[in-house]
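See structure below.
So that you can tell them apart, the chains are marked A, B, C and D in the order they are listed, and the count of residues begins at 1 in each.
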Amino acid sequence: MTYSPAEMMATVAARELRDGEVVFVGIGLPNLACNLARATHAPRLVLIYESGAVGAEPERLPVSIGDPSLVTGSLMVCGMADVFQFLLQNGRIEVGFLGGAQIDRFGNINTTVVGSYQHPTVRLPGSGGAAEIAIHARRTIVISRLSRRAFPEAVDFITSPGHRMRGRTRSELGMPGAGPVRVITDKGILEADEDTGELVLASLYPGVTADEVRAAVGWPLRCRGTALGVEPPGEPELRLLREVLDPDGLYLRS
Amino acid sequence: MTYSPAEMMATVAARELRDGEVVFVGIGLPNLACNLARATHAPRLVLIYESGAVGAEPERLPVSIGDPSLVTGSLMVCGMADVFQFLLQNGRIEVGFLGGAQIDRFGNINTTVVGSYQHPTVRLPGSGGAAEIAIHARRTIVISRLSRRAFPEAVDFITSPGHRMRGRTRSELGMPGAGPVRVITDKGILEADEDTGELVLASLYPGVTADEVRAAVGWPLRCRGTALGVEPPGEPELRLLREVLDPDGLYLRS
Amino acid sequence: MRDAVAALVRDGDTVVIEGFTHLICFAAGHEIIRQRRRDLTLCRLTPDLIYDQMIAAGCARKLVFSWAGNPGAGSLHAFRRAVEKGEPPLELEEYSHFGMVARLSAGAARLPFWTLRDYMGTDLPVANPRIRRVTCPYTGEVLATVPALNPDVTIVHAQRADAQGNAQIWGLLGVQKEAALASERVIVVVEELVDQSVIRADPNRTMIPGLAVDAVVVEPWGAHPSYAQGYYDRDNDFYIGWEATSRDASSLTRYLEEFVFGVRNRAEYVERCGGLERLRASSRVCAGVNYGY
Amino acid sequence: MRDAVAALVRDGDTVVIEGFTHLICFAAGHEIIRQRRRDLTLCRLTPDLIYDQMIAAGCARKLVFSWAGNPGAGSLHAFRRAVEKGEPPLELEEYSHFGMVARLSAGAARLPFWTLRDYMGTDLPVANPRIRRVTCPYTGEVLATVPALNPDVTIVHAQRADAQGNAQIWGLLGVQKEAALASERVIVVVEELVDQSVIRADPNRTMIPGLAVDAVVVEPWGAHPSYAQGYYDRDNDFYIGWEATSRDASSLTRYLEEFVFGVRNRAEYVERCGGLERLRASSRVCAGVNYGY
């Protein structure tokens, strides 16, 4: 059964989630990944949105993290002061999903500006809750398509810290969470090296070579000794994604 | 029509309140005074209890500031973090009521200990919300019966600050509110002198002499040049107090 | 609405129209545009389409924010033109969501700052020197701070309120309570004005007490194209369409001419939009609870 | 309740049983007494009768509080005997209500301290050196601080919860949310266990998310002589009677023998009290709201 890169990414992300975990969810692929996980191996996953919905079970595909379908039938809806102080900063979030226009060698993410802050070539949306998710979630998972533009050696602006920021480590800076442990791309999976915090190639999708990945990354990408192959989405996963979770192909078509 | 000292005190306190004011209420005489004011000249008074009830209209005489009758039919019920941060510290409370075992020359109130803090003769309940009411309410009204024990020259412990604390003034200490502007007793009304912050005799109840008040106060009590007489409760006020507000005489009998 | 904005929103004001996706008061934003307010400092976590329109209309001198995108649909192009090309020039003051929430919390608590464990490793404090640090007097830890935000005027859309402005909100609550209580002046805009007995029947739903409210405006559909839980759904097509409308300055101007300047009030806007009934909420009424004793 | 207390409350723990007048979980306090827990640091804004009983029963080493009286009725005499005569000795750590609220807010936010504009001119910081000061990094103002309170275990009584502990509370909310989220372990005690669909039908009423809860105990009348809005009224006669019961150490001991040690569980307590039905709440059910879209 053929599948799109987005379907592969959603499936790989779903497999990262363990049953019962508390996940801070974004819209798009992270939302699909969480709902795929809930429908398969992790029925007790708790989804939290920065908008204040906890334990959401949306009856339609939400198009924003403030979608009304995330409220109706959820377990709790609280104000954003509670979300950020009493849930995220409190340490209750086990997994956070992040994405961004630029991701660099050390997992730093830029969603603020391309170019200089004062005179940007492209003004991006900014942090939203990403900076604090990157700091507080016990681990984060990044989802992004590979390209040299998206994976520079160093981001133009650190919106969400990775593993090494201007030479300093997370633990030196006193960050509670473990940071981006996986970067799920459309060609393979990068992981943070435990010693250096540098992103290295950990697994390749079927039919992709390490050189293809290297060519799409702006630094000399190292490869784990044992870069594993990744099981593609199976028929049950694809059926769920296509027929139940995103029947209009809003996020999965490409 | 004869009346009890408590009825006089409740009536005098009610007259201190202006229509539309936001009042932080305690149980007992302050509650009766507020409801008397609402039933007479101040129908738009907003009653707030530190328990979280805003705009309460209790259908029975509440016996504690957490009485369920303060919740049913109120305008808003919020958590105590909101009460103290977003209403009291926010500066929304125009009048606060206080009482205490000891009130001194400068309007400082002690509800903590008689004797030393470490080895008290009598352990009193402590501050509750009184310290912050004394600091933040735009003005406070104290209700207390006169006696030398209750009105010493200096309190054993300052729980709620008055006008001068160990020589320092409210403005030196950066307190937002004006402090205890009136002390309503069972014999007359004391007021804070605007220059010195010292409590002075401002008005006498019918049939009471200044000497009687002086004898019940632990410092040489000064008298305002023009100590006024106080109009006793009229028949409508007494009827409201006795028949509607405290029909069982819980707070008014003595 | 006309009177409330005329009386309470002034040139040069710091203005907050809050609501996270939910209950964004477009009706108030449009009225501010119509009354040609100038030099406003606009503050919101998510500027959303409403501030994009106000920026395009020339109301804004400065933007204080944490996420400036069109959720799920693309960019805020008026905002981007202002920042990338200076058309018109726009000063920025930028935080994260948590930072903005903390600024309004400090404002509502009338503290000069709020403490948060945040910003280490990010470039945000470099871009914004108003993000500072404080040392814990117990542990010696160094934590981040943001300064209080106390707007001149805050506009909050609510499902319902009584005539005094005791406002009830359900569904997403955002930072409306904090924003209103941080503000010098407050306008509450509602889908429905209700008798005070409705408010008093369920006091735990009241988010903003009337004692903090200066004006109550009744404006059904006032949050469109945003939504009001229990009243109408978000107009997602409008959000998607904004990408094309706003990408071109002249098409954005035409939109403002037709839907903002070209109508006198919200009722005319609703009529001009046409077919909003398609967004009317379905019924999912919860059971009540017992407040008896 | 027996299992929850046995598993989650340990000798030497810092324990919070919160609830401001409303929803004070006497059932949990009694079970802790029956299981003869020792050396507890008991924290509550208002120790109320429940901590007076626990102090009398010898469970407490230390009390952290802000108002120790019997509201409207008199004193907590076991507390007073401990403080005035050292029978038994009891360490005190004392704040104002706002200070205690702030300590739990800091605990829930996992910050080491909380800032408040308070305590100037009072002797409380002299009595309690844990009340300190911090300087605002923007204005230079000096403000008061209190340290975070992170209990080992918090027990919260709620009107209802589902089996996962998603707990809904209405009426007075006190600081239950903050206390629960500040705590290492959480026990939720409810009047009614409900199907999760009841919780999901009205998510804005959920005060404590199940993800923070370790045990759910169903205990009707578990808050008596305190009250549960919509379920039963406060037993004011019991509070008034406590003045006489507690004034004399031996009559207090007799009370504990009869109503705590003399019963095996809450059901037996309710039976022994007799006639609690007189406190059953009248019906004042509010209307629901629409969560549709």
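Rule of thumb we're sticking to: a contact is a pair of C-beta atoms (placed from the backbone, for glycine too) under 8 Å apart; a residue touches a chain by one contact, two chains touch by 3 or more.
Because the structure is predicted, anything quoted here is derived from the model rather than measured.
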item	value
Contact distance in steps, from chain A to chain C	1
Pair of chains joined by more contacts [C-beta pairs], B-D or B-C	B-D
Mean-CA-position distance for chain D and chain C (Å)	37
Chain B-chain C separation of Cα centroids, rounded to whole Å	40
Between chain A and chain B, centroid-to-centroid distance (C-alpha), Å	58
Inter-chain centre distance, chain B versus chain D - centres from mean C-alpha coordinates, in Å	28
Sites on chain C at which at least two other chains make contact	110-111, 116-117, 141, 170-171, 173, 177-178, 201, 204, 227, 229, 233-234, 284, 291-293
Where chain B touches two or more other chains at once, by residue number	53, 68, 71-72, 77-78, 85, 89
Contact pairs between chains, per stated definition	A-C, A-D, B-C, B-D, C-D
Chain C residues within the chain B interface of the complex	108-111, 166, 177-178, 181, 196, 199-201, 203-204, 206, 209-212, 291-293
Sites on chain A touched by chain D in the complex	22, 46, 53-55, 57, 68-69, 71-78, 82, 85-87, 89-92
Of chain C, residues touching chain A in the complex	20-22, 45-46, 65-69, 71-72, 75, 79-80, 83-84, 94-98, 101-102, 105, 116-124, 126-127, 141, 170-175, 177-178, 227, 229, 233-234, 236, 239, 284
Chain C residues within the chain D interface of the complex	110-117, 130, 132-139, 141, 143, 145, 147, 159, 168, 170-171, 173, 198, 201-202, 204-205, 227, 229-234, 281-293
Partner chain D, residues of chain B touching it in the complex	27-28, 50-53, 63-68, 71-72, 77-81, 84-85, 88-89, 108, 112, 117, 120-132, 134-136, 157-161, 165, 168, 170, 173-176
